[in-house]
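Same chain, two partners: chain A is paired with chain B first, then with chain C.
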Partner chain A sequence: MSEVVTANGFKLDTSGKRVVVDPICRIEGHLRIEVNVDEHNVIRNAVSTGNMWRGIEIILKGRDPRDAWAFTQRICGVCTGVHALTSVRAVEDALGIEIPANANHIRNLMMLAQQTQDHLVHFYHLHALDWVDVVSALEADPKRTSELQRSISNWPKSSPGYFRDVKMRLKRFVESGQLGPFANAYWGSPAYKLPPEANLMAVAHYLEALDFQREIVRIHTIFGGRNPHPNWIVGGMPCAFSLNGDGGINMEWLNVVSSIIDRAITFVDQVYIPDLKAVASFYKDWARIGRGLAGTNMLSYGEYPRVANDWSQENMLQPGGAIIDGDLSQVHEVDLRDPEQIQEFVAHSWYRYPDEQKGLHPWDGVTEPHFELGPKAKGSRTRIEQLDEGAKYSFIKAPRWKGHPMEVGPLARYVVAYARGDEEIKAQVDGLLHDLDLPLEALFSTLGRTAARGLECSWAAHKMREVFDALMANLRAGDTATANMEKWEPESWPLETKGVGHVEAPRGSLGHWVHIRAGRIENYQAVVPTTWNASPRDPAGNIGAYEAALLGTPMADPEQPLEILRTIHSFDPCLACSTHVMAEDGRELTTIKVR
Partner chain B sequence: MKGLDETSETLILGIGNLLWADEGFGVRCVEALDADFCFGDETRLMDGGTQGMFLLPWVSNTEKLLIFDAIDFGLPPGELRVIEDDDVPRYMGAKKISMHQTGFQEVLAAARLLNDRPRRLALVGVQPERLDDYGGGLRESVRRRIPDAIGAACGVLRSWKVPFHARSSSRVDKEPTSLEPVGVAGNG
Partner chain C sequence: MSTEPTFYEILRRQGITRRKFLKFCSLTAASLGLAPEFAGTIAHALETKPRVPVIWLHGLECTCCTESFIRSGHPLAADVILSMISLDYDDTLMAAAGYQAEEILEQTIAKHDGNYILACEGNPPLNEEGMYCIQAGRPYVEKLRRMAAHSKAIIAWGTCASWGCVQAAKPNPTRATPIHKVVTDKPVIKVPGCPPIAEVMTGVITYILTFDRLPELDRLGRPKMFYGRRLHDKCYRRAHFDAGQFVERFDDEGARKGYCLYKMGCKGPTTHNACSTMEWNGGLSWPVKSGHGCLGCAEEDFWDRGSFYTPTTNLNVPGGVEVTADQVGKVIAGAAAAGVAAHATVSVVSRLVRGGKGRDEGGSSNE
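And now, the complex of A and B:
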């Protein structure tokens, strides 16, 4: 087969050799990427597939909707809490429940803490190793590393002695031969561009971030009782305040929260952001790689309602909307209830629909698994060597907004807010582009995704302070209510009702749609961020965001698919969410196959 | 704020997935150990589940770590092995039979890199018979080795001079329990 042009305008050519990367995530999930490269090792076709099935929708049928959050939260323990919040919002929407102001502030605070921690962990622990050569750090001069550190930030851990110590620990570690988190990488590849001193500085911050990130989510422990998987409740939050007593969250605990917020702001602004700029300055070529749907089709639902129960974009700390066909002058309103807007297709997914040419709105969604390989697939059902993307090829459905595949995530949120003229976000973006001497177009890239995540981490850390202050003002005014239990009892519910809840999770737009009948869940559908980004093709022939972003990428060596990892990791893939239950072939380590 | 303190002199950790047949061995062992023995404040018993990197704060802040887990040693089902110190990470990563092991080998590596902890390490592992029986509980070949695993663990703990004593058999109630599920006491 020679070149074809997809419905959304991308050229595909499957004639070159096939490269398979499986799995591709550093922590959670089962994502597989297959690409075809031409004679110059440039990617000309890309196939994204989730090879696990998530059955949570089926588990939820017939259950009490007040319990749904606890089940959906177990979809994943990485961006913990996001599914639970989406679920309680969906059920509250269905039942017409309004939550108290404190519950809204606490939920915002917990989501901002999640965003801060998740982005920090992604940058240092899941993505940095795509850019930082750990082994090269062993050649660094600690004194010059100290000078580099002091030139980019006021962070106190900057002495030559400190970096000497980190280097010694790293040396002993590498010599032990048990690389742990640093295994399965491509150390020494010419694709790594940082000087040894920058690598050593980044390794030091990798370790500091590992130690610090757990501090941030203690905010979940304090308000939600535990982490991962804090507690939630339909109608508000299941915590009580007792400011001067011991019968709930008191001033002592609130002071702990306040101090965590201060330290998070300091760490992000003095370590993460300077590192991001330092690393980006060596990889500016990645501002021209990995564009895909970025700047063209991007979606954000909007997040962090300032005032409880008002879902208008004007009320959001981070306003959302949709951008279509690259027109940044117009941000479209997104209606999650409109049956014509968000639809999921399964023509190329391992599910069955009554009519597979048509999409289904999530309220009418069907989750009926149907695993079958296409006629051109190679290998067996339990050991797939090569997928046939002309047929069904993924356990991920293909969600579309008004028929368009969309990119979601921090970059989508930033581009939408920028297009809406949000001043804080615009100032952050323009400042970073100025410092790196890059044009606005540079955002629409692998580097842009990674940069937007860093900016959002800083934004979220600062917003925690704003939300915390609003919470304290409300508490001091004497309002300590955390939950509205007026409609707790099923007797107060209508016989039949539908609701939708949404959250801007660390990885992007997350929606849950619930249909309640006679006090039980009749149908439940979750459309998660990675479903949008890792989407397979649809019946119209549109390719998904990952697939589009890989096209045109030159690879130095297909046996070392660092370039694929960089671009896919820039989306922060998390496949536990998109798919579930391990497949028979899901147990092996990373395999790279070139055919 | 005691609930947020992750340090301990000795951490006894059962890891694995109770819903996944013999994968639940580690957790069942630490429960059994807790039912039979009392430990001092400097020792923490923990159901680590499949938490992976979430366990790092505890693992990187303990001097001695004893792990119970199901390990694919390539032996007949129910065979028990005790592995110590530098050999432990190798076994935990040699043949990954479960998602949590990828995570746990990395936890050990990160703890070493971060804090040079733990100083002493032991793994009491059993060869599982069956994993893919969701919700099925332990197979008999594995379940009957729990007392032996407890005995082996006690031997290791004695050699480490960890103080503990048997709960009185005449006592009906098993509390006070020192078993702490991950996260309840505040974690990260």
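And now, the complex of A and C:
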């Protein structure tokens, strides 16, 4: 009675013990995971719940579309800038604005810098502690740690003395009895497999990466004035070039950018990538865990237009598309304008539709927030002990592409690009699989997601150099324009228009849909990466990427949810992004405006 | 508590020399805008005090405050977290999850009742019984109130916690509410900005640790050392404002010459923050320096003051010019361009007349 097979082929069994993990820490925002484990502590059912809602699209209604980037940028401060860029692209699409070549290069540079920094911080500060036992590092021999470091990389911080200092710092920290962010965790669990020396090396790099990430984002500071939350404009970029003056960007700042790129490449290739390989080599069993939708249904919009204003996949540094039913021989084209392709459902989300069996394209969204627990939920409205996934159970909507739940993110981008035969990405993937002695199938896993993020971090760091060179070539050719202001004034806009903008954000495919009328935002909708991945079920019963990926995972001890954290963190959740989502028809506003 | 090692002891044990420690103290003094002799006071404080427990909560927010915090160059975020404070709860960084994470909150109350700092990022929504932000199955506002009741002091990080910010912009669908309107019986230090500057955040913490008291606050609850001036007062483009040289559109000749961004909607004249003095990301740049006007992100309701590209009609500048400028503003109501000219004139005239002796409540000078 308790076992069902979902429309997308996953077996769910709710008869076993229910385990609740709330909050899931080391993510952006507020996420809850509930699972049922069988008598062998294997996960047989999983429930993913977005725990927050902010309603930013409602707030956007009636505003100046040129301001929308600033509002949507505040959807997320971790992947800062990605919503802003998506927003200016959507408004430019609606208004038919073409941006100058320099603005395109600068936007690409800023996005690549974001990708590099975000992936680095995710690996070391949000994900590493799932694999690295900090306390075990106290047992490490600094000399052998040094040998380990020197065997995997040319990184200069590798002396026995250096690791002795790090170990001493850690020892004194632990002995102080004030464990701070490392308190009450799962140290000593049999699920940790690294030898003490690898743990100590990782702790050293946790600290080094925390220091270095500050540098990468300074690219945003130069072109956008600050980070987090740099500035953008509809029509290009706000920064002007002043190659023979000091009023704008001149050679000195360009040199800063160039130097950051060099150091980012060095850090990622000499620290992150070797660490990734070292850690992965001890956790190869995780290449068979956490598959979910990976390799089956994956989506990427494609990113980094080489030439400004050309959105064809041939023009993308990282080509996109959709993989369906595990057929890697065919990459489907994705059309964000087609009302039949991307749709959102709310049958299991805390919203109401007139007809909840149907999905709605973002341009036609309707909303009414509706928080209610199902009949099988335990606890009360404000004391939830257990959710009822048969009813509504999340502030996240369920987006679908042609009816399919999809996985998005670095792994999806890599699988799509691999399937398209992108040579650089193929060489990276094949090289890593060769080094780890793993088959291609190994990609479709928790480890595969974590590995793809690392490879993409390196790819992005190197691409910054390529894009910077293109920017310099354009400047040398005499083009210093950064903004197209021809359609800046609302008087130049059509009375009514719609647009869509997309970005491949660190966590995956991001789209904004805008409807402008009489110079104001009539309707605004965002479908974000974590909405795809953390999606609840849909009316047809399909489960989303998080829920699918947790199924079949053996837990060493359900009281210590390390395995859940590993797989969920492999997606790099961003809940502020996913759960702000709310299409609206405006007329519903009065029902929720409480003052 | 007294048996726990002090910041200095920890640094020493971590192999940091006394010489480096004292250098750190003088850098800290400088970053707080203190005279060099204060380095001694800081050194003494750090030598004798155990690490203060900090509980860092997240409500409705975007985590830009945490991201900004970890960009701090002096002191480094790692040094703050590992050596200066004891960051006992922070769901963005902590290793534990689920009930193991939440247990820490009650342990903190039991062990450090009345002695920990509560750092709030984001704010609680009050609609739907608080359930637009759920943590461990309960409304976030409950957790906030409980942790606030047992804290020593509260830091409201960023504009969400200080004023409400983007989710509280009209029509504020979730009734997102700033901290001081939910917790009314504890001192709340507002550190607004979306996000605040990294070194402002670590500067506030360092000040509290050093002097064992809250920094001096203005009447709105902001540390005077960072929010005492309007950006416009110290803007390096101010000379162009006074000379009437403005950017008329992005990427025009004026933009390339670094002219004033007032006509592009810059909110520098009405925004209290340290961007024009401290700048961002290690003093590299700040919004105006990179060509975009200030959004006014440290001010209350900055989302609801019209388009970011419409020049502000509130022409207040320090030094007693406000009255005049307001009067001018009334006369020229609605005519932004005329307002710019009027403001510029007032500003130049006032400088000439008063010989640079103007002072505002924060002690800033026009000259």
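We take it that the second predicted complex is superposed on the first by the 574 of 595 C-alpha atoms of A that agree within 3 Å, B and C clash if a C-alpha of one lies under 4 Å from a C-alpha of the other, contacts with A are read in each partner's own complex, and residues count from 1 in each chain.
FYI, a residue touches a chain if its C-beta (ideal position, glycine included) is under 8 Å from a C-beta of that chain, and two chains touch if they have at least 3 such contacts.
A quick note: this is a predicted structure, and the numbers were derived from the prediction, not measured.
> Clash or fit: chain B against chain C, after overlaying the two structures on chain A?
Partners clash after overlay.
> Can A:389 be said to touch chain B (first), chain C (second), both, or neither?
After superposition on chain A, A:389 lies in contact with neither partner.
> Return first, second, both or neither, reflecting whether A:169 touches chain B, chain C, both chains, or no partner chain.
both
> Does chain B (first) or chain C (second) touch A:213, or do both, or does neither?
In the superposition, A:213 touches chain B and chain C alike.
> More chain A residues touched by chain B or by chain C?
C
> One more residue to check, A:256. First (chain B), second (chain C), both or neither?
It touches chain B and chain C both.
> Which partner chains sit in contact with A:227 here, chain B, chain C, both or neither? Use first/second/both/neither.
A:227 contacts both chain B and chain C.
> With both complexes superposed on chain A, which partner does A:275 reach: first (chain B), second (chain C), both or neither?
Neither partner.
> Under the contact rule defined above, give the chain A residues that sit at the interface with chain B and also at the interface with chain C.
Common interface on chain A, chain B vs chain C: 27, 77, 125, 169, 173, 176, 178-182, 207, 210-211, 213-214, 217-218, 221-222, 225-229, 256, 582, 589.
> Report the residues of chain A in contact with chain C in the complex, numbered from low to high.
The contact residues of chain A facing chain C are 20-30, 32, 51-56, 58-59, 63-64, 66-67, 70-71, 74-78, 80, 121, 125, 129, 134, 165, 168-169, 172-173, 176-186, 207, 210-211, 213-214, 217-218, 220-231, 233, 235-242, 245-249, 253, 256, 369, 371, 379, 381-385, 395, 480-483, 485, 488, 560-561, 565, 576, 582, 589, 592-595.
> Over in the complex, which chain C residues touch chain A? Could you list them?
Spelled out, the residues of chain C in touch with chain A are 4-5, 10, 13-15, 50-51, 53, 58, 60-68, 70-73, 76-78, 81-82, 85-88, 90-98, 100-104, 125, 127-140, 142, 165-167, 169-176, 194-195, 249-252, 255-259, 275, 280-282, 284-292, 295, 297, 303, 307-309.
> Can you tell me which positions in chain B touch chain A when the two form their complex?
1, 4, 51-54, 56-57, 60, 86, 89-90, 93, 96-97, 99, 103, 105-106, 108-110, 112-114, 116, 183-184, 186-188
> What part of chain A is in contact with chain B in the complex they form?
It comes out as residues 27, 77, 125, 169-170, 173, 176, 178-182, 207, 210-211, 213-218, 221-222, 225-229, 256, 582, 587, 589.
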